[in-house]
Structures are given as C-alpha cells and as structure tokens.
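The same subunit A turns up in both complexes below, where it pairs with subunit B and then with subunit C.
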Partner chain A sequence: MNILTTHNLKVYFSQHRRLVKALDGVDIFLREGLTTALAGESGCGKTTLARTILGFNSPREGNVYFRNTDISLKKNEALIRKNIQIVFQNPFLSLDPRFTIFSTLYEAFHVFHDAKKREAQSVLGQILEEVELKASCLSRFPHQLSGGELQRICIARALINRPSLIILDEPTSSLDVTTASKIIRLLAKLQAAHGITYLFISHNLKILKKISQVCFIMYAGKIVEYGPKELLYHNPLHPYTRLLFEAANHTLKFMPQEQVSPGACAFFPYCKSASDTCKDSPQKKEVEPRHFVYCHNFSR
Partner chain B sequence: MHHFILKRLLYSIPLLLGITFLTFLFIQIAPGDFLDNLRLNPQVSKETISLYEQKFHLDKPFLIQYATWIKNLVRGELGYSFSYKAPVARVISSRALNTLILSISSLIFTWIFVIPLGVTAALKRNKFTDKLLSFLSYIGMSTPAFFLTFLLLYGATFTRLLPLSGMHSVHFEEFTFLGKIFDLIRHLIIPTLVLSLGSICVLQRIMRANLLEALGSQYILGAKARGLSNARILYVHALKNAINPIITIFGYQFSELLSGAALVEIIIGWPGLGQVTLEAVRSQDLYLVMGSVLMGSILLIMGNLLSDCLLAAVDPRIRYEK
Partner chain C sequence: MFKQLIKNKSALTSLIILAVLYLLVIFAPFFAPYSYDEDDVLYANAPPAKIRIFSLKNKQFTPFVYAQKFTINNYYQRVYYEDTSQIFPIRFFHKGSRYKFLFIASDRHFFGVRNGKIFIFGADYRGRDLFSRILYGGRISLSVGIIASLISLSFGLLIGGIAGYFGGKIDNLLMRFCEIMMITPAFYLMLALRASFPPSIDSTQAYFLIVVILSFIGWASIARIIRGMSLSLRENEFVYAAKACGLNHFQIIMRHILPFTFSYALVAFVLSIPAYIGGEAALSLLGLGIQEPQASWGNLLSGAMGIVNIRLFPWILIPGVFILVAVACFYILGDVLRDALDPKRKIL
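What follows is the complex of A and B.
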C-alpha cells in the first residue's frame, strides 16, 4: 500500500533570469511502514522534493497524493500538518535557541492537543523516554545539549503528534559516525514500534543501505533509477548510479550541472556509455522485476 | 545576574579614569586657562589671581592637579565652576536630567517606529511598501540633523503650533502639573524628531534584514511544518530572534544620542549637558568640563550596561554562561 505518491511533479525556480528545473517530472511512491531512500548529489532536488511534499513549494505541474487525497492543493494543507513531519540535517539550526526543550515540545504538542502545560508534562516525559533521553532535559536550552541529543529532541518533536510519515532530510549528516549510527538504530526502533513511514534523504549510500527497503536515485531533478534496495545495491544499472557507488568508496566530487539541451538525458555530458540516442529523453524500463531505470542503454 | 552587573560596573572604573585623564590632559595642553580673563583685567590685582590659582590648585603640576581632582571626586566633590560661580555638581545635575529626558524621549520615539516599520518592510519584501520605506529611509538618512532642525523650526514659525526654543514656556511656573507635562512634551517634539529620524531610518532597515534572516532559518521552516500559526511564528519565534542585534545597537545608539543631543541642544537652546559642555570648553572652565564629561561618560556606560542586561534577559545563551 502506498502512503504517498507523486505524479509528474515539476517545480521550477527562476534564478538570475534563468529557469532552474529543480524537479522535472518526478514520480515516486512511499510504501506504508517502510523506509524509502532518496539519494543523489547536492543540488539534485532532494530537498526541493521534501519541501514540495510539505507544501512549501507549489508545483508548476503534477500532484502529490497522500492516501489518495491531493495534498498539493492548498485546502488540504491541514492533512499535511497532521500526518507528515520533517527532521532536518542540522539540529543546531532547527531548534529555536530561545526556547527550553519543554517549550519546544509543548508548542508542537499544543498544535493538535488543547492540553495545559501540567497535563502535557507526562506526555513529554514519555516521548523523551522513547527517544532515549532523560526527562531532566526538559528544562534545558538547546545550547546546553550535544548534537546527538538535539537530533533526538527533533525526532521527539516530529513524533509527538504521531504522524504517519516522517521526512528525514539528511538527519545524520551533521553528526559524528557513532552518534549517527545510534540515531539510525533509534529510528529503526521507532518505526518498528509505531509503523511510521520514512522518506530518508541522504547522499550517504552506506547509511541508506542500512535503513532503507526501497531506493530512488535522483539526478538533476529527475529520478534515474529505482527499485528494491537489494536489487539496486547488487546490480546498479544507470551510469550515474554506478558512479555514485564508485564515488562512495572514495569521495564524491560534485559535478557542475551543465545546461543540457531540453529533452536530452541530463547525465548525457558525463556519461561514459553515452551515444547519439541519449539526446532524446530516456523512457522508463523494467530491467528486472520491480527494478526500474531511465536509460537508453537498457531500452535498446 | 547581580554578579554580571557588579563585574561590569567594576570594569567601568578604569574606563572612566582613562576618559577623565585624557580630557584633563587635553584641556591642559590647550594654551591659557580660565583666569586669563582676569589677568587681562587691570582692576584685578596679582595677589587676587595668585589667590585664585592656589585655591583651584592651578599653580601645581598637571599630575598633582589631576590627583587632587580624583581625590575630591571620591569625596563626592566635583569642584567649582568659574563661569557659573557655583559648584559644578549644582550646575550639571539639572542639565544632565534635561539631557536624559531628551535622550529617553527620542529613544522611545525611535523604538516605537523601528520595530513595526522593520516588520512591515520584511513582510512586504520587495513589494511597493518595502521599496517606499527604503526610499524614505534613504532620504531620512541623508538629511543632516542641523538642516532638519532648521526646516522644522521654519515650519514651526509658520504654523505657530510648536515652541521654537528652550524647554519650558515663560509661564511654566503658573501651569498645573498636567499643564507642565504638556508644555514639556510640546517643547520636546522638535528635538525628539530631529534626534530620532536618522536612527529610525537606519535601524528600521537593520530590523528588516534581521527579521528576514530569522524568517529564513530552519526552525521557522520547521515551525511551519508543525502547523503553527503565522502570527506565532512571526511574533514568538522570528521577532524574538531578530531583536538580538538590535538590542546591541541600542547600547551604541545611546552614545550617538548623547553627542547628537549636544548639537540639537545648542541649536534649539535646550538646557542640557551638551550646551554646558560646549560653553565650558570655550571658556576653559576646567572643572565644569571635567564634570560634564564625567557625567556624559557615566550616562553612556549606564546605557551600555542597560543594553547588556536586556540582552542577557532575552537570550538564554548569554544568561547561562556554560
């Protein structure tokens, strides 16, 4: 069962009088209760996709469906707020420095629950327990806590109104390796306990391999390949995906996104196995069961 | 908090010593002293002059004079003004109060406008209202204060709505209490406008920039995602965080106000510290200069201390050192 699907989602920005196609016809689906990974280099549109799902960017074309309700319509915004939450990359920037942890969590709780502060106390204590923090954190300010603790607070805050989908936008990228793996374990535990769906955005393929079940690879505003994690990791098809896997073992160098003539495969200028047919838009091709790729090399 | 204030007060002692020492030095470097007027007067005998010199320690070396001044200061004596023929404390205490009234009224006037205008400009970013405010503030910033004073005085002469100079009307003593306050406010309007306009224009722009920065931060995006109301996001989260740099500026603004007030006081004839300091420097009235410079510095340090305390009160990161 898909909890969220996007159909031909297009989001364009004008930047210095140039049209930037941040999302150029993106179709993704999120399976309920599972973790879907979204990978790709910086600037490929991952965060724009997250923002569009949350209703912060209005798509030029296409729709976002949450359990068959079109949430790209303004009138359905309440549905997004109730059901979809986000955890950002940098926990130091995502908490208001003027608010104690109690106020931060209570404020989030209060949006959907008309509870007095004293009544909320037990709920907040319980949610902190779920993210493995002590209740004594409640009286602290963000600057008195560590990065890992802050990210747990952010997760607690996202969790507090029991959403069905949490978007994790690089939640471990600003943490050290051991803290990151603890957070990953915590997320998996919470998913098992509450059946939450995750959209896990990252460029770290090792972490994605650990946590996800379905993978989408994105390049220049387009999905280039997707499929079940095992298939995709075992047999990467698209030249860009292969490059990502190669780069994961060293360091990924960001490539400049050159303007490609409209309609051509966006990866065409960098592709080792490119041919003349790549000047046309690639079609979706199911190479093995449930494993799809947008590449001319496989449609020939 | 008490610790913090006490520490700041202790730190200000060497600062005050430095300021007064330099002031003392500069007056001494300038040729002549207040007694030169008397020396030129053939009716004043040499004995009288040397008597004066002894009385005011003008015959002693510079450092001894300064030390004597400090010693008297510790005992609470600011010395004697030659030109007013009265103790310095009596001359400047009422003047300092007048300057304080003018500064505080401009401060309040400034802040009443800065925050709403800055918020409006930020919310209407790059729209007509924002551009109009930006245009008007450039005009305001580039208008010299003295020119604006004359312009306003010109307007006041024509309309006869506002008094042209001074702090009180001639019949001030006959007014009731409320009448006195009303009279004071009428006299305050022009100098307050002159003193505030420049800072309103500058600070309003800074407020706009700060608010836009705060509104663009991640916790604001997160707050939107959590479904908080726009009013709560703006007033509770963004505004609270945007106000920090503005409070720091508040401390600096106090110093600007004091020097700006001096100019306005002289043009308008507001009986404040600035006016008295200028007169004192001109006539080399040594102890009066020292007294008014000391008073001005104390006001400035107090202003800065106040802004630091405000900052600590609104920002937990400063409040809890650790």
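What follows is the complex of A and C.
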C-alpha cells in the first residue's frame, strides 16, 4: 500500500531570469511502514522534493497524494501537518536557540493537543525516553546539548504528534559515524514500534543500504532509477547510478548539473554510453521485476 | 548589555540625567512649587529669582530669596528689582496648593516660600512659574517620545515581519507603501496629518493626536530593516520545523522571527525617541500640538519665537535647554547601546 505518491511533480525556480527546473516530473511512491531511500548528489532536488511534499513549495504542475488525498491543494494543509513530519540535516539550526527543549517540544505538542504545560510535562518526558534521552533534558537549551542529542530532540519533535510519515532529510550528515549509526538504530527501533514510514534522503549510500527497503536515484530533478534495494545495489542499471556507486568507493569526477534541452535525458552530456536517441526523453523500463530505469540503453 | 552601559561613562551620565528628569517629571506635582496654570499678574515676566545662601544683615542663615518688586520704566515696561527688606526663606516640604497625584491627595511640595512667590527659572507673561511649567510640560514631552516610539516600533516590527516572512506580492506591496512614507518629508507629513484634524481640540485629544501622528512617521524605516532581517530569518531550519509542526504564520512570526530582531529593535527604539521629542516640540511650537494652558516643552518655547522676547526675557529659552539635554542623552544612550549590541564589536 502506498502512503504517499507524487505524480509528474514539477517545481521550477527562477534565478536571475533563468528557469531552474528543481523538480522535473518526479513520480515516487512510498510504501507504508517501509523506509524509502532517495539518493542523489547535492542540488539534484532531493530537499526540494521533501519541501514540496511538506507544502513549503507549491508545484507548478503535478500532485502529491497522501492516501489518495491531494495534499498539494492548500485546503488539505492540515492533513500534512498532522501526518507528515520532517527531521532536518543540521540539528544545531533546526532548534530555536532561545527556546528550552521543553518549550520547543511543547510548542509542537500544543498544536494538536490542548494541554496545559504541567499536563504536557509527563508526555514530553515519555517522548524523550522514547528517543533515549533523559527527561531532565527538558529544561536545557539547545546549546547545552551535543549534536547527537539535538538530533534526537528533533526526532522527538517530529514524533510527538504521532505522524504516519517522517521525512528524514540527511539526518546523519552532520553527525560523526558512531552517533550516526546510533541514530539509524534508533530510527529503525521507532519504525518497528510505531510502524512509521520513512523517506530517507541522503547521499550516503552505505547508510541508505543499511536502513532502506526501496531506493530512488535522482539526477537533475528527475528520477533516473528505482527499485527494491537488493536489486538496485546488486545491479545498478542507469549509467548515473553506476557512477554514483563507483564514486562511493573512489573519487567523484566533477560533473555540473546542466540544463539540457527540454525532453533530452538529463544525464546525456556526461553519459559514456550516450547515443543520438538520448536527445529524446527516456521512458520508464522495467528491466527486472520491480526494478525500473529511465534510460534508452534499456528501452531500446 | 546593561553592564556595558554602566561601564561607559557618557552612557552612565546620560542614564542618570534621564533618570533624574523622569523622576522630576513623574512627580511633577511634588517637585513643582506651583501648578502649571497658577498665574499671578504681579509677577508677569519676572526674571529667575536669585537664591541666596545666607544674609548677615537679616540674620538669615538658610537659603532664601528676596521679594521681587517692579517699577514701570519710560517705555511702560516693568523693571523688576529685589526688595532686600523682605526675605522669603526657602522651606522644604512646604505646604502649598493642593494636588492629586495618582490616588494620593497632598499639599506638600518639595520646596516653596510662605507669603510670597519663588520663581527659580523666572515667570512667563502671565506670571506663571516657568520651573513648574517645565516639569508639567516634561510629562508630555518625555512621554510622547516613548509612547510614539513604542507604537511606531511595534508597527514597524509587525509590517516588516509580515513583509519579510511572506515575501512575494505582500512584501512588494508593503515595501512600496513604506517607501512612499519614507520619501515624504517627515515634517510636511506631520503638518498634513495635523491639518486633517480640527484645529482646536482639547489637550488630551491633542496629546493622543500627536502620539499617533509621530508614530505614523517613523515606522517605515524600521519596517524596512526588520523586513530584511525577517527575510533571512525565515530561511532558518527551525522556522521550517515550526511550520512543519503546524504552527500558524502569526505564531511563527511572533515566536521565531521577531525575537531575533530584538537588539536592533531596542537600539531603534532608543534612537527614535529623541526624534519624536523633537517632533512634538516642533508641532507644539507652531501651536498645532499641546494647547495653552497645558504646557509642553515645545509650546513653552513658543513664547521665545520673537526676538524681542528673547532679548527682554532670555529665561524663556530654558525649556529649550531641557529638550537639548533630553535629546542628547537619548542619542548617546542609543549610540552606546548600538555598540554594545553589535555582535561584530564584542571586544574592547
């Protein structure tokens, strides 16, 4: 069952009179209760997708469906707030430095629960225990806590109104390796306990391999390949995906993401196996069961 | 922040001066020997009384003043002289005219004389004590600045916060409106606003009118700067997090954006007070503000508009000195505050 699907999602920004296609027809789906990975290099539109799902950007075209309700419409915003939460990359920036942890959590809690501060105390304490923090953290300010602790607070804040989907926008990128793996373990534990769906955005392929079940690879505002994790990691099909996996082990060559002529495959200028047909838009092709790729090399 | 203020000598001095001024003005009925409208034709345009410490001749060893008498000269003008045969010892906590302050009715004044009059700053053309009128007038002049500044600041914060937070069309619309406000010369705007109300209104109405007019002028420049700040503040991840949590726009602006503009707002607040004090003085000087017999520093100065008056009765310029001192103190305070709150200049 899909908890969230996007249909032909297009988000354009105008920068210095140039149209930047941040999202150029993105179709993704998130399976309920599973972790979906979204990988791609910086600037490929991962975060824009997350923000569009949350309603911070309005799409120029296309729709976002949450359980068959179109949440790209303004009137359904309440549904997003109740059901979809986000954890950001940098925990130091995602908590208001002037607020104690209690105020931060209470603020989020208060939106859907008309509880007095004293009544909320125990609930907030429980939430902190759930993310493996002590309840005494409530009276602290963000600057008194470490990065890992702050990220746990952010997860607690996302968790507090019991959403069904949490978007994790590179939640471990600003943490060290051990802290990151602890956070990953915590996230897995919470998923098992509450059946939350994750959209895990990252460029760290190792972490994605550890936590995800379904994988989407994004390049220049487009999905280039997706499929179950095992298939995709075992047999990457798209030239870009292959390059990405190679880069994870070696060094990545510099590749600016250029705007190509409309309709052409976005990766066409850098693709080794490109041919004249790549000037047309590639169609989705199911190469092996449930493993799709947008590439002419396979649709031929 | 407060420590840095205390450390700075000029800031400390102005803080003390302002504190004294406000104290005098708030407790004006007590510190002033007379009420603001108590007149005595026998003392019209009387010069400031010279305070003597002691007199061997009269065996007087506490401060006192001589009685002021006048003769008429060839131009039918009064010429005041001191009648050394009649002395009025200055009495502290003197029983004088009754007044009501807040809920306390009393007749104690800080100082006064029995059976005579004491004008330490001289008297005006109707024989009203200038010192008393300055204290009462200060109530208006010194409060108008703060209240108008508060109003225009909250207006500026709100408009700037909204414009910066929402951006786009709302921002464009609000900022163009601000620019229109800013390009209009402040003084003409003030006069135009004043002209849109009936010319003769009572003092309370005039007071509120002045507050509104003054606060209408300064908000635009504050709003512009706040807008710039909130434009960059809204990109903070904690603002997005608050949005994702479902807080409404108003809550986000009030809780996560405007508090970060506090240090700027505080400086803008202190620095805009003197401008408003000046504005009130200018309006009242032209007779468009506070009306007689009510006093304000501006309309006290209106007596000094003619060169003849200044030559004959130079003491009517004293309210100007008070304006000067108050304005200077606020500017110094604001300046030091700005340096203290500037994050780039932490050292020193």
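In this section, the second predicted complex is superposed on the first by the 296 of 300 C-alpha atoms of A that agree within 3 Å, B and C clash if a C-alpha of one lies under 4 Å from a C-alpha of the other, contacts with A are read in each partner's own complex, and residues count from 1 in each chain.
We take it that a residue touches a chain if its C-beta (ideal position, glycine included) is under 8 Å from a C-beta of that chain, and two chains touch if they have at least 3 such contacts.
As the structure is a computational prediction, the values presented were derived from the model and not from experiment.
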item	value
Combined model on subunit A where subunit B meets subunit C, clash or fit	clash
Partner chain in contact with A:Ser72 - subunit B first, subunit C second, else both or neither	neither
Touching partner for A:Ser164 - first (subunit B), second (subunit C), both, neither	neither
Partner chain in contact with A:Glu107 - subunit B first, subunit C second, else both or neither	both
Partner chain(s) touched by A:Asn57 [first = subunit B, second = subunit C, both, neither]	neither
First, second, both or neither for A:Phe88, with subunit B first and subunit C second	both
Colliding region between subunit C and subunit B, picked from 55-63, 109-117 or 145-153 after the shared-chain fit	109-117
Overlap of subunit C and subunit B interfaces on subunit A (superposed complexes)	54, 56, 78, 81-82, 84-86, 88, 90, 93-96, 98, 107-108, 111-112, 154, 157, 161
Subunit C-facing residues of subunit A, complex	51, 54, 56, 78, 81-82, 84-86, 88-90, 93-96, 98, 107-108, 111-112, 154, 157-158, 161
Contact footprint of subunit B on subunit A as seen in their complex	54, 56, 78, 81-82, 84-86, 88, 90, 93-98, 100, 107-108, 111-112, 141, 143-144, 154, 157, 161
Partner subunit A, residues of subunit B touching it in the complex	217-219, 221-228, 237, 240-241, 314-317, 320, 322
Touch list for subunit C against partner subunit A, complex	236-238, 240-247, 255-256, 259-260
